[in-house]
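A, B, C, D, E and F are the chain letters, set down in written order, and residue numbers restart from 1 in every chain.
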């Protein structure tokens, strides 16, 4: 099993949820995060005093899936969240050793 | 629609024929401390309505746009206050010209001072000017609800100055400053037409001109902070006592009656709005209750000094479902994006109130008022219809013209990127909420 | 307890024997603009207390239940306003019947209009009715604090209507409407018994009937938003000036005195509550300071027009530790779950205030009042005890009956699943706070 | 600076020579209900300013310190209220001694009761005492903005008691209680020197004594909740009507004028502050608009009853950029850490206002006032300068002494660890916001 | 070492903390997350306009532990958080390469 | 590639960002979390009723980097965030299988 983490623009979440749902991927977990990458920092002013903002609000979507779904999910994320501009975000993929559903105790792919 | 237009045509003709009668010069009244205290405090209460509205509206937008709403409200307070002193008061309450507009005698509030206003219940003219200013303020602020989450701030600033001068000031003159509506006997106790219809209709026009918010069609946009909206509703309700009871311009029985029916209609509005939604989708909501209260307050505004408590209850029972229908169904069908329902609540609620004033008004409540339909005076109802129609046409048209002209010189709407990013960031360079004790973190995406 | 019961018995007997004397028909007073202005504005201030209470309470619950509290407050405003016009005012202030209840002469506010109330300081009766309405409102709203986070909304609605009719209206009549407590000379300037004891005791009974919140025994439930609670405390304090000073029913020296002692007792309440907790667990808390202010305000309510500034300071110094003890220790020992301490603060604070009124009242402060214990009049203290006991018994009993009857027809309490989920979601289908600019996200679990 | 010092020297000498004239015993006035209603309600409005300030300031600090700010405001309300009754009122308004301080005749408010204050417009002395108390309260609370996020609570408590007794009470006596400033004819309608300069300068001194907040040099510390700040600004603006108009001590033409110019200067302050920052860094901010409103309100305070609407607009246009400069540039250059700009806005704005009062005051506006520079009376301007300088010296010096003395007995500042952790946790053992429905979670690090 | 992630109902956190503590597991990190799984979506109405809610508030508890603790911790979580209804949540297990305690610089199991 | 997770004191974030930036590490994602470790629990009182607080606000910084950066980043974190007192936090290191930049579709080290 794999864990696919996608750090995306918050405004893309709604659409991504729909796309994944249509692909048959229902399970996912969402985090509010702040991130820095290549995106240019901006200046704010509070009573005229400068603050340099270099962390931006992002949403992280985490999907644990069987190995063979990896590719299509990644493609789905790219297709949905790509605007081509800096700040679109990144996808990270990790190995998962085990999954257990708490309600039933099932484990492995059956638990997904 | 046709008969209405004809009626309006006749009315216009009729008005043009009225000789410009000099108002009998009223005796200078002696200062009355009770009435003066009342009007000054009521002015403070009405002033609080604009920050209250900022909270009411602010809770309804997404967190990335909350400061832009608050900013619009503060900007209106600044702009209208200064405009009022320089020009607005004299246009509204200067000596009448052709029943259409006030003369420039009070430019810069010249001569508006400590002496009691002639014909008043012993109130200094400065107090009267201050009281009326607060009405001009809240009215212009109401429009921000229709254009929320997408209008450029600089365009909004220019719009506010023009709108208050070209729409509000004449309307205030027509109804309260001795203009043609007053002359015809159209009743508007505290601003059903002047304040609520005018802002609601103008908001609708502005929403149409600006177009929908991005993503509006895909999803319902939810309020980000309902307790803030509730607080705003509470402050509005509180301030509304100053608005409606203060419009008696004296601490007397009429003020007391207006106070009582104001509260009642707000209460009945909660009742009926929540009832409607409970029947419709099975749950009573806090957002519905707060909306119903405001709808009730809007509805009673033109009627406040003229109707009985029981009439107020009936008005409240009617306004809830009607406004609920307007915001939950009609808006979708017509497809405009009146972000926070400035038209749906103030426009519709104000219209209903203005018409029902013509139904329920009774001289048995206030001998200085008129009788309405139920007291056997259908003419008053027709006059109210005329007042409503005229306000719709005037406010709608002039708003459209103002926006068209501004649109020639500058963009009315932010770019798509700015809208996604949120107006707080892109227009004002600020974040409403900063979570941690660290700088360098932003809600921007 | 025994002697008290006997005293009550005698008192009841005694009252039954009082001949139903017609109040000397007072001369119709001329309208006084100063007093009218005062009462109208004070009414607005008292109205603001209910939204203020919504904030005060709203900050104290968990975030999943905040809207349910706000909703209860708005519902009370709607229900009690309408009930008051239809029935409540006349039950409370209609012509007395047997010293127990007002007659139905003012049904639907018939005849309650612009004319000054007979015997008043020149205040329109409509203003008096409006002022008193605000008291009925806040009283019923106070109870929501005891049943927070678990009562079903529909049961709460029915309860509110019955409670205000069967408990509040008679009590208001007894004390302020010419009923038996007034006749006996039991003093309650602005509502120590009528408002605070009645709501506190009724809240306690309701909390007992409903049972504890889930998980209450495992963990202390913490306020989710203390700045909201602070804001609520500020608005309550502000409104309380209308409540207490307004109860003079004139803008005179009594009102000024009441104003001053109200502020002082709130201040001393902060002092003493924070002092108590500082000694007890080593830290002064904001929540304690806000609680102490409210406790002080409650305590001075029955005494406001009758006691000197120094007495007010002493009362404030006493009420802090006593209420602190009630909410931090006694509650746990008895094991009831008065969620937001409606009884602990309003019940206990009101009781203390009612009794201390009998101690500190002095005709040297207000010649129209009575002397208390310290001024050499122990009878007054006994009368105050009688008033307290009668209110406890009456409010407690009738509340219990109302809840029992409602419980026959419907569930009083939400299901365990609904409670876990949060009342905002399960009863109202709303989220208080929505973090991102996205729909489709909920705080539900 | 030199000529100023000499002027001060002369003035002091001059004052010492004034014979202690007995004020002509004024006739006891009859109670006026209108004026009494006005002052009582204005007192309530001014009281609301302190919770309003708590919100205004609370939104500006980091979330880990918000409760500590609210707590300081509540503590001030408690401490000053009690101090005022015991000692403060009589020091400020007791019979004058040597033009320096009031006598102890009203200790414990002895004899301050329902009877109209001699020489007043028919206001009970208790009402006057209550009104003045609210001024003492907000003044002491203002200082908390300068020491925010690092002062120990217990040191703050002691400081407040000493400061209000040793700085505020004498100043209030000098200006409003018949002291030397009043005798010389220095004008301060509602507290430019007494309230704003005194608190601003004292705040500056306290900020210097305490030193900078940790991390202040590395990063700009941002407001954690701007809507809270906006709400606070709205409540302050509202309360300020009571502050300024109420200072007329009657519901008359002067009050009406004061009301009007108060609103105008706030509006113009928004205008000019936002304009300045828009030019400076390209964006108009909500925080700037709220700050500009408060700066405008501060600036008009000493002038409110004396200047015309147009003068108020000009004053507002000046105060925005000047305060903006003070908080955005001057503060950095001098390197003090006035956390929430108590000096930058109240000190600077109050100074400007006090001086401009000497420029714009005109007897054509208020015959009971004086003429200023523009009306051909340069002496008045010099008097205003004297008043400002004296207040700076007095408030600054005594504050420094008080802090030095307290510092001998206890730490003024929290430890570095407590500061990192946040004052809410370390001083009060509370969290402002609790996210989930779980206990056992804290924002502490 | 392993990382055990449990996405659970927020109301179960308090109890879970106690259970883990009693097992001798003190170190843990908690996230507020929003999740979608098999749980049915619900409808909300704002001024009568429908919103479909398909993300629910969850709490994620993360425990890094030596390999041999894995089983007992998983069992502890299931025992505590299982109600048997949909929405109970899931447990995910991942490999961990290294752990370092910042205060001391220790690494490996000693750092836990 | 590796994922380096550091759970640190919130007050250290600002400095850590600067240090990492100076090392040439720009990409990072930040989470607000609550954590329990060896840090002593504290007592709060609400209206006199005791609450025992055992979860403290922490910030988690996550950096995905090429294998050979691991050591210097870990050292940078320790150097910046170590005060020596309990509560300084922990660093966890995990294997990463793949990284994809959404805006361009690049993958592997090039995507970082």
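Here, a residue touches a chain if its C-beta (ideal position, glycine included) is under 8 Å from a C-beta of that chain, and two chains touch if they have at least 3 such contacts.
The model shown is predicted, which means the values in this text are computed figures rather than measured ones.
Participant: If every step must land on a chain the current one touches, say how few steps get you from chain C to chain D.
Facilitator: 1
Participant: Any idea whether D-F or C-F has more C-beta pairs in contact?
Facilitator: Higher C-beta contact count between the two pairs: D-F.
Participant: Need the CA-centroid distance for the pair chain D / chain E, whole Å please.
Facilitator: That gives a centre separation of 51 Å.
Participant: How many angstrom between the C-alpha centroids of chain D and chain B?
Facilitator: Distance between chain centres, rounded to whole Å: 34 Å.
Participant: Would you mind pulling out the distance in Å between where the CA atoms of chain C average out and where those of chain E do?
Facilitator: Inter-chain centre distance comes to 45 Å.
Participant: For chain B, jot down the residues that touch at least 2 other chains.
Facilitator: Counting only residues that touch two or more other chains, chain B contributes 32-35, 37-38, 41, 219-220, 222-223, 225, 231, 281, 283, 285, 287, 429-431, 435-441.
Participant: What are the residue numbers in chain A that touch two or more other chains?
Facilitator: In chain A, the residues touching two or more other chains are 10-11, 14, 17, 30-32, 34, 43-46, 51, 54-55, 57-58, 87, 94-95.
Participant: Flag every residue of chain E that touches chain C in the complex, lowest number first.
Facilitator: Residue positions touching the partner: 9-11, 14-15, 34, 42-46, 51-58, 87.
Participant: State the interface residues of chain E toward chain F in the complex, per the touch definition above.
Facilitator: Touch residues, chain E against chain F: 3, 17, 26-32, 64, 94-105, 111.
Participant: Along chain F, where are the residues that touch chain C in the complex?
Facilitator: Against chain C, chain F makes touches at 43-51.
Participant: Along chain D, where are the residues that touch chain C in the complex?
Facilitator: 31-38, 40-41, 43-44, 47-48, 50-52, 54-55, 58, 66-68, 70-71, 74-75, 77-82, 85, 108-109, 112-115, 123-127, 129-130, 133, 153, 225, 228, 231, 424, 427-440
Participant: Could you please specify the touching residues of chain F with respect to chain E in the complex?
Facilitator: 2, 6-8, 31-38, 54-55, 58, 60, 74, 77-78, 81-95
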